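Scrolling down, you'll hit the structures one after another.
Paired with chain B in one complex and with chain C in the other, chain A is shared by the two complexes that follow.
Now for the complex of A and B:
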C-alpha cells in the first residue's frame, strides 16, 4: 500500500465527510439550540444548489463566488421561516417536548412546500453544469479540482464558523442558549432572536453545502431528502445536541463510506447503517452525547 | 310544524328530485363530444425528470397535434372528435399510479389509459387496466420479467425494445470492434442487475474477458475507487448499466481520471439532452448508450417532430424514448380509426393483429412485444446522437475508438 493509495482514501473520505459535516452541523444547530428536528433540511441544500446553478447559467457567476449570494439568501429564508412558523409554535407549545413533536411535523410539511415551490419554478428536469472537472495530482492521488475546492471551502466555512462560535459575542450567546435556554435568558440573551439566528445559520450551512454539491452532482427539486437522512444519522452518531459531535459524525460517515468503497462499492450504504446500529448499541447517546 | 317550514321542505325535496333525476337524464341526452384519455404519471418525485422528458411532454404535444386536425375520426358516428387528456400526478409512487388509474377508469370514465413512467409502474398499471379490459400500450417498460407476465395481460402490448434486444446488440458491437477485455459496473437495481445478468455471461460465451464486474448502490456519490481499478486493469471497454445520476458521475470521474478505454457505453441518461447540456458535445464525443433514434431515422414525421418539440419545449427531444412515446400514441389513434369506434375488445384485438406505420417504423406486436425498432444503441457524434446498432439501422458509422476525454 503506497502513499497515493492512502491519500486516495483519505482525501476522498474527507471530501464527502466535509460536506456531510457541514450539513450535519447545520442540522445540529437547528436541533441542538432551536430544538427543531428539521426534516426539510435537505430542501435548503436544494435551494442553495439551484441558486448557484441559476447564477452560473444566467450570468456566468463563478460557483465559489456565488456562495456569497446563496448563503445569505438561504439564511434569510431560514430566519424568516423560524420567526413566522417555529417561534409561534414554540410560544403555543405547553412544553419543550410538545414543541419538538409539533415542529417536526411542521418541518415535514415545510419539506413538501419548499420542494413543490422549486418544482413549480424550475420544473422536474435534471440539471447540472461543469466547473473545474479537471485532474489534480497530489502526490500520486488523483482528484477532481471541483471536489478539492469543495473540501477547501468546507474547511474554511468550518473554521469561520468555529471562530464565530468561540470568539464572537453572538457565538457565546448561541453556546449559552445551547447549554440552557432559561439561564441564558436570565443572563440577558434575547432568546428568540438567538433561536432564529441558529435556525437561519443552520439553513445557511445547508445552502452553502448545496452550492458546493451543485458543482459535482445532479440538481433536481427532489435532491434534498437523501442528504437529510445522512444529516440525521450524523447528528445522532455524534450525539444529539452536540455540534462538535455532528461534525465528527459527518466526517466518520464520509471516511468510512469511502474506505468501504474500495473494498466493494455495493457495501457502502450498508456500512453507513451498520455503523449507526453498532454505535447505538454500544453508546446510544452518540459519540459526544451525554 | 308551521307552514313556512313545510313549504321550504317541499321545495327542497322537489329540487333534490329534479337534481337526482334530471342531471343523469341530461347527460344521457348529451352525445359523445370528445375522446377522453387519462394518465397517472410522475409529475413530482424522483421519476418526474424522466417522465417529463420521455412522456408527458410528448403526450401534450400529441394532443395538440391531433386536435389541430380536428381530432380522431370515428366511423361509427361519422364524426371527428377532439381528444382530451386528464393527467394526474402519481408522485413517483407505483401504489398511487394504480389507485389513480382506477379513479380514471371508474370515476372519470376515460376511454383510454396512457402509460405511466418506469418499468414497475407500467407493469402494475398494465395489470389493472387489463382487469378492466382497456387496451393499453406499455411504453417506458424494459424488463425480461415482462415476457413471463404478458400472456396474462391480453389487452396489453409493449412497444419498447427490451434488454435482450439491446444486450444482444451491445455484445455484437463489441465483437465487431474486436474487444477482448471489458469492465462492467452496474447500479444495484433491477435495470442494472438484469442487463449485467444478461451481458456478462454472453460476453464470456463469446470469448470476451469480463475482468471487472461490480455493482454500486443507488445514489452513490463517488465511483473513483472502482474507476481507478478499471484504469489500472487496462480494459478495452467500460460498460456501465447506470441511471442518470450515476451516468453523469461516471462520465465526470472517468474524465478527471483520464480513463480512456476504446469504448465507453453507459446506460440510462446518455441519450437524454440534459447529458449534452451538462457536459457539452465535445466531452461526450464517442460515448455510447441505449436508444435509439436520430433526425436521420427514415420514417415520416420524425424530423418534423424533433423540430416542433425543440421549439415548443426549448430542449431537444429524448433520443431514447421521444418517438417511441409518439408512436405509441399513433398506435392508439390508428387502432381507433381502424375499428371506427371506442370498442375496447376490438381495439385490443387490432393491437395484437395489425401492423402500424409510425414514426419509429412499422410497429407490429408479436406475443405482445413490438418486433421492430429504429435503433438499439446510439453514439454521440459531433453533438448528434447517431444510431449505430443494429447494423441495418445505422445512421452513421460507429466512431471507434472513442476519442480521449478532453483535458
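Now for the complex of A and C:
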C-alpha cells in the first residue's frame, strides 16, 4: 500500500468527515439543546445547496461567496420555525419527554413540507454545476480543486463556530442551556431566544454544508434524508447533547464510510447502520457520553 | 356490569361484521380497493398502538415488519396457499420482533425510537443490496389472488387484530403493560416481569403487521425494497393513532379510517401537493389536537355538560 493510496482514502474521508461534522454539530444543537430531534435537518442542507445552485446559475455568484447569503437565509428560516412551531409545542407539552415525541413528529411534517415545496419549484431532476473542477496533485493523491476548497471551508466554518461557542458570551449561554435549561433560565438566560438561536444555528450549519455539497455533488430535492440519517448516527456516536462529540462522530463516520467505499461501493450506508445499531446496543451514551 | 348490557354493546359490532362480510356482493371495485387500504392502516395502527400507546415507547419499525410480510408473500406466494403464506409473513415478523425486543431491551425513550428507525432502514438497505448483488434483480412479482379472497383475508386480519387488542387491554396482562407505561420500576417491584411483557406485546403486534403485509402484497403484484419498506409505513400508524386518539381502540380505528380517506382524496385531487398537504395536516394535528379526534369529542361533550349544569344551577 503506497502513500498516494493512503492519502486518497484520508483526504476523501476528511472531506466527507468535515461535511458530516458540520451537519452533526448542527443537529446536536437542535437535539442536544433545543430538544428537537429534527428529521427535517437534511432539508436545510438541500435548501442551502439549491440556494447556492440558483445564485450560481442565475447571476453567476461564486459558490464560496454565496455562503454569505445562503447561511443567514437558512438561519432565519430555522429561527422562524422554532419560534412559531416548536416554542408553542414546548409550552403545550406536559413534560420534556412528551415534547421530544411531538416535536419529532412535527419535524416529519416539516420534512414533507420543505421537500415538496422544493419539488414544486425545481422538479425531481438531478441538477449540478461545475466549479473549480481542475485536478490538484497532492503527494500523488489527485483530487478536484472544489473538494479541497470544500474541505478548507468546512474547517474554517468549524473553527469560527468553535470560537463562537467557547469564547463569545452568547456561546456560553448556549452551553449553559445545553447543560440545564431551567438553571440557565434562573441565571438570566432568555431561554426561548437561546433555544430559537440554537435551532437557527443548527439550520445554518446544515445550510452551509449544503452549499459546500453542491460544489462537489449533484443535487435533488430528495438529497436531504440520507444526510439526516448520517447526522443522527454521528450525534449518537458522539453522545447525545455533546457538541464536541458530534464533531468527532461526524469525522469518524466520514473516514469509515470512505474506507468501506473502497472495499465495496454501495455497502457504506449498510455499514453506517450496522455501526449505529451496534453502538446503541453496546454503549448508547456514545464515545464521549457520561 | 350485567350480562345484558355487555351483550347489547356487542350487537353493533356483530351488525358491522355482517355488513362488511356481505359488502363484496354489492359494492363497486373502487370501494373495495379503498376499504382494503383502510383495513391495512387499521391493522398497522392498532397493532402499533398495542405496544406503543400504553408503554410510551415510540416504535418506528412498522415498515420493517410490514415489509417482511410483503417479501414473505413474494418468495412463498408461488409455493404455498394464501392463508399459509399470510401466516408465515406474520410469523417471520414475530420472530424478528422477538430478536429486536431481546436486543433493544436496555434502550429507553428517544434511543429506542432512533434504534427502531435505524433498524428498518438497515433492513431496507440490506434487502436492496442483496437483491442487486446476490439475486441480480431489483423487484419481484407477487402471485395474484382473487380480489374477494384478499378482501376477506384482510377483514379477518382486522377482526383478529381488534379482538386481540380488545381482550389484551381488558386482561391482567394488559393491566401489567399499562403499569409498565406508568412506571417501569414500580411495575418491576410488584412482580411484573417487565422485559418479558414488553417483548411479548411488541411481538404480538408485529405478527399482525407482517400478516397484513403478506396479504396486501398480492394486491400490488410488483414490489421492490423501496415499496415494501417505505418509511411511510412506520410514520403513518403513529400519525393515525395520534390523530384519532391513541389511548382508545376506537380512536385508533377512527384515525386510520379518516386519514386513509383523506390521503385517497388528496392523492386523486391534488397529486402534486399531496405530500405537502399531508405535512401541513400532520403539524396542525400535533399543534391543535393533542388528544386526537376522541379528545376533541370529549372536550365538546365536557363543554356541553358544563353548559347544561350552568343552566341547572341558575
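For the reader, a short list of remarks on this structure follows.
Following the convention adopted for this analysis, the second predicted complex is superposed on the first by the 288 of 290 C-alpha atoms of A that agree within 3 Å, B and C clash if a C-alpha of one lies under 4 Å from a C-alpha of the other, contacts with A are read in each partner's own complex, and residues count from 1 in each chain.
We adopt the following convention: a contact is a pair of C-beta atoms (placed from the backbone, for glycine too) under 8 Å apart; a residue touches a chain by one contact, two chains touch by 3 or more.
Here the structure is a predicted model, which means the values were calculated and not measured.
Looking at the shared chain after the overlay, A:236 reaches chain C, while chain B stays out of its contact range. Of the two partner chains placed around the shared chain by superposition, chain C is the only one that A:101 touches, whereas chain B remains out of contact.
Of the two partner chains placed by superposition, A:283 touches none, neither chain B nor chain C.
Contacts of A:89 after superposition: chain C is touched, whereas chain B is not reached.
Of the two partner chains, both chain B and chain C are touched by A:266. Contacts of A:135 after superposition on the shared chain: chain B is touched, whereas chain C is not.
Residue overlap on chain A between its contacts with chain B in one complex and with chain C in the other: 115-116, 266, 269.
The touching residues of chain B, when paired with chain A in their complex, are 42-46, 48-49, 51-53, 185, 188, 214-217, 219-226, 228, 244-245, 248-249, 252-253, 255-258, 272, 274, 277-280, 283, 315, 407.
Every residue of chain C that touches chain A in the complex is listed here, in rising order: 56, 58, 103-104, 106-107, 109-111, 113-115, 118-119, 121-122, 125-126, 129, 132-133, 235, 238-239, 242, 272-273, 275-276, 278-283, 286-287, 290.
For chain A in complex with chain C, the touching residues are 37, 85, 88-89, 92, 97, 100-102, 104-106, 108-113, 115-117, 120, 229, 232-233, 236, 240, 266-267, 269-270, 273-274, 276-277, 280-281, 284. Contact residues on chain A toward chain B in their complex (touch as defined above): 8, 12, 15-16, 115-116, 119, 123-130, 133-135, 142-144, 216-218, 220-222, 226, 258, 261-262, 264-266, 268-269.
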